Structures are given as structure tokens and as C-alpha cells.
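Here's a structure for you.
Letters A, B, C, D and E mark the chains in the order given here, with residues in each chain numbered from 1 onward.
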């Protein structure tokens, strides 16, 4: 199909959709309106279970089944990238050369690494209180690990990060989330029900019943998943070479 | 008429708007600097918004941006070392201007917050922000001498 | 102001689709797909906004003291950001393998599957 | 009993996590046994739930039951069609796992567990989508199905075609998913609800349908029709099928595409069926038009293919068209017929793909012309392939014949002609391939007939380490069981009645329609089989006149393999969907 | 005043999204996508969604650019060694 014909198709399709969406936007309730029934019910339900961060309560208690799906998507992507970026028979691994890095950059990277790691863990721990949660903290913690690559070189990172361990960690965290859900089912109520643990006092670290548990499971799973994802891409970009050289 | 939000709007429209224009046009050298300055302007804006909305918990946002913004710039500096090797970006004037904006905003917000744990947090964010930006622009202008892959 | 957020969401979605359809580089196409997805974030959060309201995070706020925005759309958008990151990673893995096997990442030069 | 519904997703996920955690330590057969065991457990659970789902289950995940009619949790619908699709998905996954028994030449870097784990996650995603009663929950499982399918389709990364087909599949389906999410955003803005029934009630409470309802309908249906591979969203399907490993093709064509059609039926029935939604005549016009288009284009393109897997993929597009017509006419009998037709088609299509996989692994090619007369010694596979072709045509004892006859009664005259023609042409193509490959009938087609603008399917490397000298019995047993299953759907007395009862119980407010063999149906089935046989014979004996592919060249040029074209077609398809549905909303 | 800052953030998002699509070279697009991530985080903060802003910052500032640039690095390195890049 020639480029001109494709442009013409995109123009027709895009114009149609634009007209349709603009007409729909005019029928939408005005921006910033007060009619949010589901939201108000969610806030009430979250406060009834002493969870300060209502979004964490929606994610890990009221709609925990969605978060199970979201975590499975990340888990499937990690296995998928592992399968897609594997070293095939006609490739070999070349050892990455050390990279000299300017002194201030190296010092900054090695200084910020622990700070970022602690911030990631802080964001996970306070997931059900202040803004943040398992997912955000997991990504911050995993990214902080890669300061070793940015500040030094890939060999330094590889020494610290055994990929097999993180992949197993990812699988263990995923099964921890599911087992917590099953425990609720076996405990008499429903799958992923927040009825196992007491809800604790409001705005404290242990408040919210199983929300902190699920939060920690997702935090660990996301951190391991991001490390493994980046490991696959770094291996492809830095180490795996064409041809069957030495 | 909340002054803090007005100041944040000005920094957003002026500073971040300029960086968006800078990163979208011009040579690669200028785009990388614009990306670095984007975090330098966005972090004070977030601090002002946090003060304007009277929500101390929003400072966590500025903290994570101050931490990961320069890391993002390090990623660009590290992986684009080859392209940047021929004409290294050296926009020290702009970097110090952005750092000055940060240096102005953080004390103002600290004064408003009053001496407490929150002020310590704000100062910590300020230090991280300014240190990160300076090191990031240092990395851009030749932080990775040999441009071999690795 | 009433309908601007929805129009910006539609504009970002359609611009991403335009970029995706007319891209000459598959990595650029994957970037355009993530721009498409940014359109859905803007629409979802614009739907949940309430004037003069704040975030329903009560770590530094007494519940009930101020009106709050809709937490539902924020949970949906959070899930969407995760999905976006993972789909981008998977697509980039496929693009790397395409560049390895086809020697190019220009969709016009990929000629394997036709007819 | 109904709180076991979420286990349909939890068990495969736990199995996959177990496989990944232990995948390194255990040898490959153990990993694949664990995979089969987990898939079988889920299938058993789905069947148990299906058998006593007469009053449909309604499970609130997390125990968030509604308080005076409104809830914050996610609702799961465990009715006949939903659990039926979940059971079908689980059974086909089990068949795929059994078929791929130590199948691939090299597991990724010693990680034996990754392929079975991906299949289990695929099964979990499909089961979750089948029982989802919440629109956003359906989007999450839609994405999980997608992510698992992209990785599985591109699993053979050494093949240049595999990664290109997987990428176009991933980009088009992701764009469909984001359109679905925009639709969900619009519906949530109006009704403030996410459960499908709740959104339907919210739309009705709001009054007459307007532009927002039309836009939400178009965006949600675009996402679901991309998954169902209806024209003009179908372009990704032949590319994905030509390259995916055979067990994955069995799942893609057997049940994932059908889940798209199921999604269309479920979402319209719950969200848009009320007075506040899209009026019935609009929905019927839209779906019958798209279905007819898909049936015609699928049949024509299937006739001109020489790549066996792409030929079967286009036959799936044709059958999706027939399913959409059946869903579109909004009659209880048509729904029952489509349910039976879908079950029968899944068994037959998966068996045909399995046989194509055997040909690929035995001769290293799926090109009809190159394989001419070379597969004479595979007697068993020949019988299964021919039975599959007859099944596609609608030969009476098959489940496909029963489903087709019941649907033909419901859709009326002109569409019946389309049903007979589409099934006949696709079956004729399959029988032509069977005649040429297994019996060596007719002159060997000259290799130059291809216009250079087609994927011939020759020169493909077998998926197993080297060409199989002997076909392992798992690879022949699985298609045999699948064909027997399709036969059972048609033959087992009372099965049709149970299916009809469970479909009507939820679909059209309990109007009891019965599904059974009728003389007219049997006659039409025999007619289409006869037509298929005649066409196949003509194509084999006189290849020049009948199989000259250059006549439909302009149609084949559209299937360009270029991801930009497919995205453009998705946009055009969405606009066509809106244009077809618009008149009713303006006039009505 | 809160509306003004929302309008500014919305216009910034629209501008950087258009710029991200207009930048045909993947490296330049990675830079613009990084800025788009930050601007989106600001829009989410202005729309009172700090959790989503935090996740957009975490993903958009370091993870996505790293993935994009590693992919570009692998594609370019393959191309360069095989003679001039087409």
C-alpha cells in the first residue's frame, strides 16, 4: 500500500474519530464536577478499614483483583522478555570493557545509590499512608541499583546483581500475593478479602489489615521485575554479540 | 489568589515551557541540556505546588524527582557519549540559572514551612536537586571520556 | 476550561495514532504508542477531578475536612501506567530482535509477511 | 461454590510462578508435567463450576458485596457462556501443552519452565476475561492475554518472520486495548460505575443515547473487534498465525479470537442493550455488515493462500464473520447456534493447526505447492486433516454443522446463503490442500504461479530441533481428541439442549429456545459439504482457472505486513463503526 | 488560580506529546519522551493525583529512557558494524 494511500486512510480515520470524540467531549459532565458516587463510596470504605491512602485501599483491598491482574501482566512481561531476548545459538557473550567515569559523576552515583534505595523502601513501606505504594517504590529501588551501571560500568553492576536470584524473587513475590489471597479464601471469606488481620489504628504503619502485606509483595515483585527487565536489555546492548566468536 | 500556585504556574509556563521547546528543536547538544534543565525547573514547581495546596505529603514527589531526574540525565550522558563527544554541551550559564531558581524557591518554602522535620526534608530535597543538576551537566559535558561501548 | 482537558486527551491520543501509522522507524513507533497511552491517562484523571478538592490521601489531612477528588480513576491510571511500561518493554524486545534478524527497523523495508 | 470463581485465574498464575521459580532446577519433562497438571486442574475446576452454574454465579471479589444495591468491589459473572469459554480455553491450553511435549529445540538459556509458564499465564488471562463482570477488570485480563500472546507468538526469535508478525500483532492489539480504555473512561464519566450491569443501568437512567454513548460504543467495540479479528481489524491475524509456534496457533485461533466475539456479545448484552444504550437495529446493522464483510474477505483470501497456516488463519477470519452475524441478529436461537458453532469450530480448527504443525516439523515447509504429494505416508494425519476440512464445511454429525444449522434458521434467507458459501469455500481450500499434500492429486502446480507478492511458507525451519523422522504420538493423539470433541458437540444427545439453556438463561432473559437437529439444517450442511468437495476437485484438477491468485491481487496487496497500514485500518474501522451506528441515534 | 495552572500543564502536555511524535529520530524522541514524562507528572500533581504522578516520575524519568536508549544502542551498533547505516 503506497504511503499516500496510507496517509489518506489515516486522515479519514483520524478525522472521523476526532469528530466523534469532540461530540462526546461536549456531552461529558463539566470538568471538575461534584458527581463522583463511586469515589465517595471508596473513600468511606477505605476509612472504615483504617487505610489512610484511599488509592492504596482501592488498589490492594477494594479492587485487589485488578492489581492481581496488573502484577501478572508485569510477571508475564518479565518471562516474555526473558524468552525474547535470550542468547540464541548463533550468538556469544563478550565481556564488557571497564568504562572510565569522571570523578564527580562516580562519586555522585555511589553517594545517591543508597539514598535512592532507602527512598524506594520508604515509599513502599508508607504505601498505605502517604502518596506512593508498592509499584512506585519498587521502580525507584530497582532504578537506584542501576546507578552502579551509570556511575561505574556494567561489570560492577553484574557482580552485585545475580539475575537468577531476582527472577526467583519475582516468582516468589507473585506467589506470595496469590497465597495471601488464598489464605483469605481459606479463612472463610472471599479470595483477596481483607478480613484476616485487624485493621490497626488509623495512619500507622500496620494499619489496613492485609493492605501492607499485598503492598510489600507488589513492591518486591516490581523491584525484581524491573531489575530482570533491565538486565535482559543490558545484556543485549552490552554483552551479546553476533556470530560465534570466542 | 494563592501566591504559591501563581509562582508555580510562572515557573511551569516559563521554565518548563522553555525546556519543552528546547528539547523539541535544535541540535542534540542543546536538547540534552534542555532535558537536564527540565528537572531543574520542575522540582521547584512541585515544591511550590505542595506549599500552595497546603499538602506536605506532596514533597515526596519533589524528593523522587530530585533523585531520579539527574539519573535520567546520566542515562542520556552515558549512552549518548559517542554523539556528544564531538560537540560537548557546555551550557554552564543555563545550569547555574536553573540552580539559582532552585536556590530561591527552597528557602522560601522552608520559611513558610517553619522549623520542623518538614524543613529538614525540604533542605534535603534542595541539596539533592542542585547537586544532581550540577553533576548531571558535568556528566553531559564529558563525564564519560572514552566513548567505547560498555 | 470545561472541555479543554478532554480535547487535550483526544488530541494526544490521535497524535500518537498518526505518529504510529506514519513512522519510518519501529523504535519511534513504540514511542508513539506510549504517547497514545498518555492520552488515556489524561482522559481518566480529567474525568475524576473535582474543583477545589485535594487528593484522598489522609496521612497529612483530617478525613472529611476538605473535599477530595475521585480515587477510582487514580487507581485505574496507576494500573494503566504499569501496563504501559511493560508493553513498551516487550515491544522494544521485539524491535531489537527484528533489527537483528532483518538488519533494519524501517517498517517499509520489512518484506517477509505479504499477500 | 461461587467463591471458587477467582481460583480460575489464581491457580494458573500460581502454577506459572512455581514453574518460573523452579524452572531452572528441574529437568524439562518435570516442568512440562507440572504445566499440564496445573492446566488440567484449572480445566476440571472450570468444568465443575460450569456443570452447576444453572442459576448463574455472581461473585464479588474481595467479599465487597453490594450495600443497598451499590458496591465498590469487582463482580465476576459465572454463567454458562462465561464458564463455557473458560472451560474451552483451559481444555485447549491443556491440549497445547500436551502437543508441545518437549517440542522446542532449545529452551531459553536453560530455562525450561518459561514456555509452559507463558501458556499458563495465557490461560489465566483468558479465564479471567471470560468471567469478568467488571469492564476495567476485563481490560486488565485483555492486556494479560495480549502480553502472553505477544511473547508466545514471537517465541522463535531466530525466525525473521516470527518477530515481525509478533510486533504487528502487539502494536495493533495494544492500540485496540487503549481505545477500549478510552471507552471505559467515557462510560465511567457518565455513569460513575465500572460493573457492566451497573453501567447499563446508569446509561438507562440517563435517558436517550447521545454522542457520548455512540463514542463509548465505538471505542469499546473497536478494542473487542480487534481481538475478534473482524474486518478491517483482522490484518494482524494471518501474520501472527503464519509465524507463531503451532501450540500457540491452536490457542490463538481456537479460543482467543472467539473470546473477542464473546466479549462483543457480553458487553452489548449488559452495557448497551438497554434504552439508554445503542438501539438494537443499529447494533444489528453494524455487526451484520462487518460480519458479512469478514466472511466474504476471509473466504476469498483463504481460497488464494498457499501457506497452510495463513490459509487456516483466514478461515478463522471468515468464521469470525459468521459468528458476528449470529451475535448481531440478537435472537436467542442465533445465540445458541453460535455457542455450539464456536465450540465445534474450536475443536476442528485447533486440530487442523496441529496437523499443519506436523507437516512443518516433518517436512520443514507449510507451502502447499512444495508439499505436493510428499505426505503420502502420514495416513493418520491425512484422515484427521480431511475430517477437519469436512468439519469446517459443516458435515452433519459435527458440532459445527449443528451450530450452523441452528444459526441459519435464526438469521433467515440471504444470510444463510452467505453461511453456506463461506463455510464451503474455506472447507474447499482445506480439502484442496489435503488432496494435493496427502494424495498428490492433480498436476504439480508450477512454482512460478506465485506473483512474488505472497508468503509461500517454503523454506521454514521446523520448530523441533531437527526434522522429525517419526511423529511422536502426542502430536497425533491431540488432533484426534480435538476432532472427536468437535464430533461429540454434535452427536452427544442433550448437550445442545444444556448449552441452549445456559446461553438463554443469561442472554435474552430466559426465553427458552431449543437447539436440535432439523432436516433443513442437515440438508444445508450436506449442501455446503458437497459444494466444498466440488470446488476442491475443480481447483485440484484445473489449477489454472480456479486457483490463479492474480485475480484477487488488489485484496492481497492490502495484507502488506506493514504495521503502519494496520494502524491506519484500525482508525478507518473505528470511523466506519461510528458511521454505521450513527443513523439510529440521530433519527431515533 | 488552580484552574490556570491546570491549563498551563495541559498545554505543556499537548505540546510535548506533539513534539514526541514529530521527533522522527529515536534518540531525539527518547529525550522528548523523558520531558513528556516529567510534564505528565506535573499535570497529575495539578489534578491532585500524587500516587499516579509518583509512578509516572519513577517510570518516565529513568526506566523508559534507559530501555529506549539501550534498544537504540543495540540497533545502531548492529547497523554500524555492517557498513554505512542505510
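In this section, a residue touches a chain if its C-beta (ideal position, glycine included) is under 8 Å from a C-beta of that chain, and two chains touch if they have at least 3 such contacts.
In UniProt terms the chains read A = Sodium:proton antiporter; B = Multisubunit sodium/proton antiporter MrpF subunit; C = Dehydrogenase; D = NADH dehydrogenase; E = MrpA C-terminal/MbhD domain-containing protein.
Predicted model only: the values in this text are computed from it and were never measured.
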(request) Can you give the shortest number of steps from chain A to chain C, where adjacent chains in the path must touch? (result) 1
(message) Considering only chains that satisfy the touch condition with chain B, which of them also satisfy it with chain D?
(response) A, C
(request) Name the chain with the Cα centroid closest to the overall protein Cα centroid. (result) C
(request) Compute the centre of every chain as the mean of its C-alpha atoms, then state which one is farthest from the centre of chain C. (result) D
(request) Among all other chains, pick the one whose mean CA position is farthest from the mean CA position of chain B. (result) D
(request) Out of every possible chain pairing, name the one holding the most C-beta contact pairs. (result) A-D
(request) List the centre-to-centre spacing of chain A and chain B in whole Å, with centres computed as mean CA coordinates. (result) 24
(request) Could you grab the centroid distance between chain D and chain E? Build each centroid from C-alpha atoms only and quote it in angstrom. (result) 36
(request) Find the geometric centre of each of chain B and chain E from their Cα atoms only, then give the gap between the two centres in Å, rounded to an integer. (result) 15
(request) Indicate the whole-number Å distance between the mean C-alpha point of chain A and the mean C-alpha point of chain D. (result) 31
(request) For chain C, jot down the residues that touch at least 2 other chains. (result) 1, 4-5, 13, 17-18, 21-23, 30, 39, 46-49, 51, 54-55, 57, 59-60, 68-69, 72-74, 78-79, 81-83, 86-87, 89-90, 92, 94-97, 100, 108
(request) Would you pick out the residues of chain A that each touch at least 2 other chains? (result) 6, 9-10, 14, 17, 21, 26, 28, 36, 38-39, 42, 53, 55, 58, 63, 66, 69-70, 73, 76-77, 80-81, 84-85, 123, 130-133, 135-136, 140, 143, 229, 233, 236-237, 242
(message) Two or more other chains touching the same residue: where does that happen in chain B?
(response) 53, 55, 57-58, 60-61, 64, 68, 71, 75, 149
(request) Throw together a list of every chain pair that touches. (result) A-B, A-C, A-D, A-E, B-C, B-E, C-D, C-E
(message) Which stretch or stretches of chain A touch chain D in the complex?
(response) 1, 6, 9-10, 12-17, 20-21, 23-24, 26-29, 35-39, 41-42, 45, 58, 61-66, 68-70, 72-73, 75-77, 79-90, 164, 167-168, 170-172, 174-175, 178-179, 181-182, 184-185, 189-195
(message) Applying the document's contact rule, which stretches of chain B touch chain C when the two form their complex?
(response) 53, 55-57
(message) Quick check: in the complex, which residue numbers of chain E touch chain A?
(response) 50-51, 53-55, 58-59, 62-63, 66-67, 70-71, 73-74, 77-78, 81
(request) Could you pull out which chain D residues touch chain C in their complex? (result) 136, 140, 143, 146-147, 150-151, 154, 157-161, 163-168, 170-171, 174-175, 177-178, 181-182, 184-186, 188-189, 194, 238-239, 242-243, 451, 453-455, 549, 556-557, 559-565, 567-568, 571
(request) In the complex, go through chain C and note every residue touching chain E. (result) 1, 4-5, 8, 11-12, 15-16, 18-19, 23-25, 27-28, 30-32, 34-35, 38-39, 41-42, 45-46, 48-49, 51-55, 57, 68-69, 73-74, 77-78, 81-82, 84-85, 88-89, 92, 95-96, 99-100, 103-106, 109
